[in-house]
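Down below are the structures I want you to see.
Paired with subunit B in one complex and with subunit C in the other, subunit A is shared by the two complexes that follow.
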Partner chain A sequence: MKSTEQPRFTISPFLVFVFIQAMQFGSEYLSMSTKPIQWAGQDTWISVLLCGGCFHIAIWMIYRILNHNGMDLPGIHHQFFGRWAGGVLNFIFIVYFLLIASYELRFFIEIIQVWLFPELTTWPLALVMLLLVYYIVAGGFRVIVGICLFSLIRYITIFALLFPAVFFHYGNLSPVFDHSLNVLVQAGKSLTFPFGGVEALFFCYTFIEAPQKSEKWAYWANALTTVSYLLIILFTLLLFKPEQLPKEIWPQLTKYKFIQFPFIERFEYIGAASQILWVIPILCFCLWAPSRICKLMFGMKQLTALPFLFVLIFTAVCLIPGHESIEAVQKMLSEIGFYLIFAYLPFLFIVSVIRMKVRRVA
Partner chain B sequence: MKRLLFLLLGICMLLTGCVKQQILDKITLSFVCAFDEAPEDQIEFTIATPKFSAGKSRTVTNILQSKIGHTSRNITELMSLQLNRPIKPGKLSVILFGKELAEKGLADDLDVILRDPLTSRRMYLAVVDGKAKEILKANFSSNEEKGMFLYNLIDTNVRNGIVPRQVLHDFEYAYVGKGRDPFLPILSLQNNQIMISGLALFKDDKYVRSLDVKQMQVMKLLQGNSKFGTLEAKQDNGTYMAVKNDESKVNYQLGNDVSSPKVTINLNLNAEIIDAKGTQLTIEEQRRIKDRFEQDLTTTGKELFQSCKEEGIDPLGLGDFVRSKTRNWNEEEWKQGYSTMNIALNVNVNLTEMGIRK
Partner chain C sequence: MNGVINLGNEWLNVQSVPQLWKELSESADFVCYEHLKNTGSVYIGYFKSLTEPEVLQRHILGCLSSHPDISLEDLYVLIPIAEKELATKWDDIQNKLYRGFVAIQYSGQSHPCMLVNAAASKGRSVTMPEIEFTVEGPKEAFVESLDVNLNLIRKRVPHSDLRIKELTVGSISKSRVAVVYIHGITNEQYLNTCIQRIEGVQFDQITDSTLLQQMIEDDSNSIFPQTIGTERPDYVAWAVSSGQICVLKDGSPTAVFAPVNLWLFFITYEDYYLPWIIASMLRLIRMFSVLFSVYASPLYVAVMTYHGQGISNVFLPTIISSRINVPFPPVVEVLIMELVIELLREAGARLPSKIGQTIGIVGGIVLGTAAVEAALTSNFLLIIVALSALASFTTPIFRMSATIRMLRFPFIFAAQIWGLLGIFICTFALVAHLLRLTSLGMPYLVPFYPFRVSDLYDTVIRPPYSKFHHRFSFFRSSKPIRFDKNNANQKKDIDE
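After this line comes the complex of A and B, so read on.
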């Protein structure tokens, strides 16, 4: 298998920064601060750094695996575990990405339903969003990366953090180091889901022009995500008491309740609707990656596989009824994501290293 | 295939307007609402809806709607049966609570506002001395909308005056957060005029004690740096003098050992003399005036601490301050020691200017 696609399908190494950043920074950030702050309180920012560090190592491992083998994950699965076991693993990844896509889409629709239009039913919005996503994914990987680049506009919302500044209580950040390492790690564990998304590298590797050069950009993307999350956690700590947080479902949307302009009284409308910028890139990739796996596994065209995936996601989204089940899906996904990064990835890394050693000896 | 896709995307454009619209002319926006106590654990909920009379510009009258029921949302529903346009809470900026209801606790009634995605967290709350409904009945704002009038009344006094800020977010923060208790301004009606007559201190969410205007001012000074307000103090010769607060800075210190006071509050105030009652302001005289003001502020401050300790409440957030400086802070222990705790107050008044006369 050749290590890269045709040049006209590939992206420049620096676009990996944009891409990984968009994959990591999903809409889970809206509610991510609640849980870790319950455990680690004012020290949660340490957990964020801890988690960011762990993902740095994860990216390092991913690049080692990929560089050794010079192919993407479906190919590696085939080579390591043979046709059948590899196929099963690839299939698991298809399900994983479809689940993530359904979750992200349902999550976005829930926000729209709660914050903007309570009368809205799930399916029309899901249909419209999926049509948009289909249109983007049909354009290929480069178009998806283009959408990721476009979604960087979301960093404008960082200014929304400034409006509640008069309500900040700086005393909330001290005393520092008042929690045990154990608790910090536990809080860090609950942050792995928002950090997740680096596994996308496994699938886009062959689409990067000179993939070895892109490694540093992936690290930078992770660093930017870490800094963004750090800001979010600090902001939440300054504005809320830890006791207030369990009552808030989306503390990061509550910040829009502090913004008032003469021309727009309820800024939440813009804040909630802007979540689409977080959702669309992930949605696109999570439809693209399974279709890509289908192509490699069954030899079918990506455009033929897409409508099936489309229908699957649409059905799944309509079947998730309300907040409780969305939370349940999130819980399940964060478990899967955790074991993917901290169990499966090291396992794959070790297998890869052993294979290299064995091959060199032989 | 492509053509079909474009067609589908085009059809999506027609989906706009498929959800319920809320056009300003077809809904009732209320700026102020009031909660009162009613028999059998019910609440009396009042809203003042503005009515813009056509033709006459700048005149707004309010129509009062009031009903008794168990939940405010259900009452709103019942009110809609009387109104030609449905009531929407999007612009609600002031909520008034009757004194009796405040004594029973506000948390239950605040839940509905905090839960609603369409309400601001910056709205003002206030306790009314008496029944909140009565205050809305009074004709205190001539041509202005009553809700806007009340909002501006509290807002200007918080921004440029002596009323400490406590918006909805602050209230919940102080109520739910450890080591802090909420407070709210008290509104009262005097000769058909509304005024902020003091501060209501809460224990958890229950109104327990009130402060007068002077104590409220000291409270504001101790809460944070401020730049507004006029202070008055009796001089040795029996006359009163007034100074203007140009800039006040406050900082809190935690006592290091057992013998020193647990918390020391240092208040530094730069003041400008604005009313000297004709006294020649020599250096000695200025020093005397300064001493007087320092003494006066310290006494009021001590009274404030004393009444807080008696009720076991902590509107200044001293517990929160100590928490931020102590490892493994325990709320229970803190509460036990609070009533006998030693709080020191050091006031330093600097007379910087004296207007344009000597």
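After this line comes the complex of A and C, so read on.
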């Protein structure tokens, strides 16, 4: 089956791997290890695997829905629920993506404000980043995926884990399987926000060349994200005592303090600045997807809708003042993401299956 | 009966042919005279500056003198020159006169005009390439004459499918533009796009093929060139065999070919004459030097302005002591040095060769040493700026080295505003720009994006020729196989 867009705007199925792992592995990985470890202690790695498995099932469901209907989510909403209810659901997705974009951008700016430039005000950096993202998005979906491919450079920072390796306390990992399943599930619940990002598949389905072939690449992307998060959780468990963790806001950035090169004294300048590699792909997609929904719903050009979304995100970012508000936004997004993946998605799947059965019978 | 000549849409009486030539006689180098014969007169017109007097005197006038009553048709057969024709349209006659033909017109009856090629070829002879000099390999370079250039190319591709399509471009310059391609290997879509763009050029004077290069580019607002210009016929032969299209213009020693991607700009043709390991290492050195050239000065600005604590304790005394007397902030220091180097380059390009060498030494050594002693800059920065200037010249294509020179200035400004973060943001903007560029419709960053594993072989590293069994798939040629790899030698076991 071929995609419904013109061939020169489509991407090959392999690039879905690059795209999905860029969407999933966002900059929230810096702070994701504190809460699960508070719940599940040294068995958090089991929660990671559990969560990864759940998302595997989620991707499976997404592909079933999309393959049966052959169109992306706005079209599915329109078909399943009619014009008005579908429009409301599309609008909710627009708001969801704009919120994610604002949160990611503000999170990143806070990191820069704490680690690099203490006197930096929020709005100039937000403005420049949004202008950069606008330039990328105006190039089309292919350019966005190209930026995701370029941001794969960030995996070089895994080598930064070699330096604290001498300080690891492998004893922290035992005793294994000490916690009840309930606690593990709770920890897994707090991990859904970092794993979220697969809903991007809903909106780019028509831009993939041979969509059914891309399914296995999406699974590999999820596997890569699971392995990366496993490494992160293991690193946090091995390096920190559980009592130290509530004092660390961004445990992952602390690893840059261990790096010693003969000619670089403070490596965390490079480490903190390189967080941009995690943020830009998500920002680009979360600006592109709402404009595409606007185009499909209202018929306006994407380039016309972009400046409005730009202004909305900019105001939202400037209105989030401090660290507590960022955490509040993250909690809210965590809840929304959880219900999206574990409530709305199965519901959509069941509706899709019923419709197919009805169509076959009729 | 009076003959008529077709003057475009008008028909004119043949007896007023000298009238028409009177128009051309406004130029002092147009010679037109009447050769009297028994049965009438013969009008001969030609441009003195364009014709070879030998041909005219010996062959044409010689024939006319020895056969006084010859008719036009017999004269046409008799004249011992290969390129001649009979023309009735005034446009044709005029065009040919401007190419150095001699027009012979019989008076009295309705005769067509005979045009005989007597063009003088004045120009350079084929010499060594100056810009793309290679130590090994042929040392022939293109010259300004299109026919000589096509000769150099045809010698190297004696294949029946090598096609040359000639177009005329430019309302005043009326340049002959030749599009060279191998039919069956080149993709039809790229070829049609190229030809359409050349035909669509509306300009009066096209002096060089590089003007054409800029007019047929996909995005003329980008500083990155989307075609490659070369003066080597062997590179052109390689390019058309790979599936690219080459455009040559009469009067220009540069051949332009398309489509290209970014990695082709780091390939010299000498890579193909050296063993593959050495060639690959040289390519890697070139790519590294380009990265160094773009990022060295901005990193200096970023580290010295914002991230001074990032320099290790071992290095710190040297750097601080070298900057201790400099009153400017790092960015001003860097900009001064960069501007001095650009000044030296621009001035050196225009100096007459006798003074050039002296001023070069003076500028380089004296200015440099004096700048440090006058505390305008530090030693450390001088080395960085000089090295990055040198490094920007390692790109074999001249247009790309100009791009690299200019590319570091936005990075310097970005580094001044936000240090290392600014450099990251600028890098992203650069990558986004490169992702959006296309060359004749082919994405600029292929084969890295869109990712094609099978085409990675000649990009960064040049593998041995036994691995070159298919052409690049992004040229989309209809015959992608160069040779059948199954016919290659079988691997032998030990002592077999």
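Just so it is clear, the second predicted complex is superposed on the first by the 359 of 362 C-alpha atoms of A that agree within 3 Å, B and C clash if a C-alpha of one lies under 4 Å from a C-alpha of the other, contacts with A are read in each partner's own complex, and residues count from 1 in each chain.
One rule holds in what follows: a contact is a pair of C-beta atoms (placed from the backbone, for glycine too) under 8 Å apart; a residue touches a chain by one contact, two chains touch by 3 or more.
A quick note: this is a predicted structure, and the numbers were derived from the prediction, not measured.
When the two structures are aligned on the shared chain, A:Val128 is found in touch with subunit B and with subunit C. Using the contact criterion defined above for the overlaid structures, shared-chain residue A:Ile276 touches subunit C, although it does not reach subunit B. Legend: residue contacts after superposition of the two complexes on their common chain; A:Phe150 is shown touching subunit C, with no touch to subunit B.
Shared-chain residue A:Asp43: touches no atom of subunit B or subunit C. In the superposed model, A:Arg142 makes contact with subunit C only, not with subunit B.
When both complexes are overlaid on chain A, the residue A:Asn172 reaches subunit B alone and has no touch with subunit C.
In the superposed pair of complexes, A:Val114 makes contact with subunit B only, with no contact to subunit C. Of the two partner chains placed around the shared chain by superposition, subunit C is the only one that A:Ser12 touches, whereas subunit B remains out of contact. Contacts of A:Arg266 after superposition on the shared chain: both subunit B and subunit C are touched.
Of the residues of subunit A, those at positions 117, 128, 132, 135, 265-266 touch subunit B in one of the two structures and subunit C in the other. Every residue of subunit A that touches subunit B in the complex is listed here, in rising order: 114-115, 117, 119-120, 124, 128, 131-132, 134-135, 138, 164, 167, 169, 171-175, 178, 240-241, 243-244, 247, 254, 257-258, 260, 265-266, 268.
Against subunit A, the residues of subunit B that register as touching in their complex are 5, 8-9, 12, 15, 18-20, 90-91, 114, 117-122, 169-170, 172-173, 176-178, 320-321, 323-328.
Residues of subunit A touching subunit C in their complex: 11-12, 14-15, 112, 116-117, 125, 128-129, 132, 135-136, 139-140, 142-143, 145-147, 149-150, 261-267, 269-270, 273-274, 276-277, 280.
Chain contact summary for the complex, subunit C toward subunit A: residues 306-307, 309-315, 418-421, 423-425, 428-429, 431-433, 435-436, 443, 445, 448-451.
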